[in-house]
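Letters are used for the chains, namely A, B and C, taken in the order the chains are written, and counting of residues starts over at 1 for each.
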């Protein structure tokens, strides 16, 4: 564990920038997001949870799969430097790990790399994640519903704890240990630092709301699939994509070609969401998820039933972004509570 | 690391128009690169994404059988902008495909059993693949019965091949059209009704149903009425698809993705998924 | 008006069978928020509230695939602020809603709170408690408490609003006020008009560059109810789906023009935007043009057709001739 006095943090980041392409929380106009760092002074270390989720670092809103000209296909080369992310909260670090289950691994056919996503892997596999422990969780936070906590280091390579006067860098993964071990010129964390870290973790835990038990939610949701409870839950949803696009774990996408046939163009993938009717609309005009409530149900089934069946985890880490942005205050926590309270 | 999103190059070798309205065309494609041909292993029931640069992609079931090693066959109905462009293709043109994708009809499981194949309209593509495959491995299977329905006589696809099959005594071909038509002396009536009339024996028999959703919907209860067990009935589903590798999220029914867990499912599996129908 | 009056009114409408369902607002899950509620029994009416947190324009629940609500045999009641009532009027004149089947219940509005302005007052700190009355707002958080006038934190759309109370209603809870004058309603638009075209373009580009194409603006808008929106036309595709500025601008500008003479300036789009884009400015610019050219103010009378669906011989036609 090493300690970096706050006034020397820019020095640390600058050293990181020599080998890594660094992303960190920043303000862009009215909103906050993870942006490539050009000058460490531009990093906003005080941002609670960025408005836009960091999934876009590894899974951009719009990503070129390849370019073409006539019949020729050309893969686009990306910046060869590996990615380092600074200032990622625990919830977001775990979100990336969930997305890695989808894109990174070949879970369906373990010996078949056809099912690995090269665009995700070329970015995430070599990345290093410096996560920031949450000292002041907010009322919209519910990471503790998923067995995590504000000072949890899961999904991080190095956990960073802000003790007031310094950042303490606590390596979590092998990669993190290797990196911290390779550093020179930084003091070891003191006993006092460790005491402060423990105190901060305790305070943060206290600030969290009560844990809501979600045991058996995947079966419960499946049993309720055809029940009228979804009419009630779905009544106020206006089917926009705010929740899905701001979500750190929603990862559905569309593939589209831009440019003209036989000429120059590119094939891109773009974020998409099950909330939009055209997501499943077939060429015949038939739509298996025709009604607003069918689509809302799909989103929650994916998070709390299907994903557990397929990957053994909830597709939600309790970051609370959707709670904040939903224009009709359709609170994901309330949906879970309503479902769990419902008799099948 | 391979990149599944990059299509492999195919050349259009042969085009056949299947119907008087020219809305159905069959394409035989050959591999441009020998390497791709070697790596492309498939089974009846699988599908490919056709990839037209600048237009996008559309999934189609493979109509050729893996026993036909020289080409891949597809039959494409003109319904949207991508399929429209596909219909403009000429022999010699180059296109991209990605695949093979999805699972296949359980031909291993069928071994030693009788097989009833029920199809409708132009969804007969992967059923052709299955029939050709089984005829090639004829001794592995018992009786093969094919019930195939179309709106009118001219709307059957693979007409020449079907007449060849009709001449054989190791396969029973039952064709039906919706309404009586001049010059047609075969059966008339919808596929579910005709299936009920033919009433194939359930003994050691597997059934494969593939056709328009409405046909499947009404045929499945008939099969249950005839006492076929749910785990002996197989069907192939369709949904809007994009990636074909279980990631883009749109083709799921419940926890299953049609593109990787399907398109072939047994009725027993589907009954566990409320969204399937 | 008191909340008690509101609840009692809704209860008696339901028990007397005058309506089968009332769409209103209930308490939200975060301080300073409300959420749409669907009240079909007298007991449920006790969850109704009305205060400065009731931002949603509930008329949206009569359009899109919820329009079945209005076409069923069900008799529906809906709570409306001034702007919301104008949306209903528009939808009625556009034959989306049958006037006979909807019971419009007006509530007196003093403007709805823009929480981003409130958070700005406390330097971005988290607000844990929010209370308001018709004149002031009090917020509490960890180690702070602050009270300020309501007018300082209401939405921009409310600042210039001169029709705070319903223009069309069956019942009004309390006393409906007469509309004010539109004379100076477009001060910020006039400021915008002073910029040259390049500056205006830059300003809009800057705003829209934050767009994530979630379509929350479109989906909360009661005037936006096309069966298939032009951005969803995919066979063939009409416009690109990526958040690239050109496509994003096309989406916003076309939407803007499609609601010309149909936008009631309620500001629901702006409040729904997760990226805090000032969407209303262009809408208000168009509304001002419609007022000045055609003398029409959208959704203010059941007898008035929307400006773009109407033609008067004596109206200004220089845009055709010139």
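By definition in this document, a contact is a pair of C-beta atoms (placed from the backbone, for glycine too) under 8 Å apart; a residue touches a chain by one contact, two chains touch by 3 or more.
Remember, it's a predicted structure, so these values are computed and weren't measured experimentally.
**Q** Between A-C and B-C, flag the pair that has more C-beta pairs in contact.
**A** Most contacts of the two pairs: A-C.
**Q** Work out the mean Cα position per chain and let me know which chain is farthest from subunit A.
**A** B
**Q** Indicate the whole-number Å distance between the mean C-alpha point of subunit A and the mean C-alpha point of subunit B.
**A** 39
**Q** Centroid of subunit A to centroid of subunit C, CA atoms only: how many Å?
**A** Taking the mean C-alpha position of each chain, the two centres sit 32 Å apart.
**Q** Give, as an integer number of Å, the spacing between the C-alpha centres of subunit C and subunit B.
**A** 51
**Q** Counting only residues that touch at least 2 other chains, which ones in subunit B make the list?
**A** 80
**Q** Give me the residues of subunit A that touch two or more other chains.
**A** 254, 256, 272, 281, 283
**Q** Would you give the residues of subunit C that are in contact with at least 2 other chains, written as numbers and ranges?
**A** 235
**Q** Which residues of subunit A touch subunit C once you look at their complex with the stated criterion?
**A** It comes out as residues 28-31, 48, 51-52, 61-62, 136, 138-140, 232, 235-236, 238-242, 244-246, 254, 256, 258, 268, 270, 272-273, 276-278, 281, 283, 290-292, 323-325, 327-331, 333-334.
**Q** Looking at the complex, which residues from subunit C come into contact with subunit B?
**A** Residue positions touching the partner: 235-236.
**Q** Write out the stretch or stretches of subunit B touching subunit C in their complex.
**A** 80-81
**Q** In their shared complex, at which residues does subunit B touch subunit A?
**A** 1-7, 9, 52-57, 79-80, 83, 85, 94, 96, 213, 238-240, 242-243, 245-250, 252, 254-255, 260-261, 274-275
**Q** Over in the complex, which subunit C residues touch subunit A? Could you list them?
**A** Subunit C residues touching subunit A: 28-31, 33-38, 56, 60-61, 64-66, 126, 128, 206, 209-210, 212-216, 218-220, 228, 232, 234-235, 237, 240-244, 268, 271-272, 274-276.
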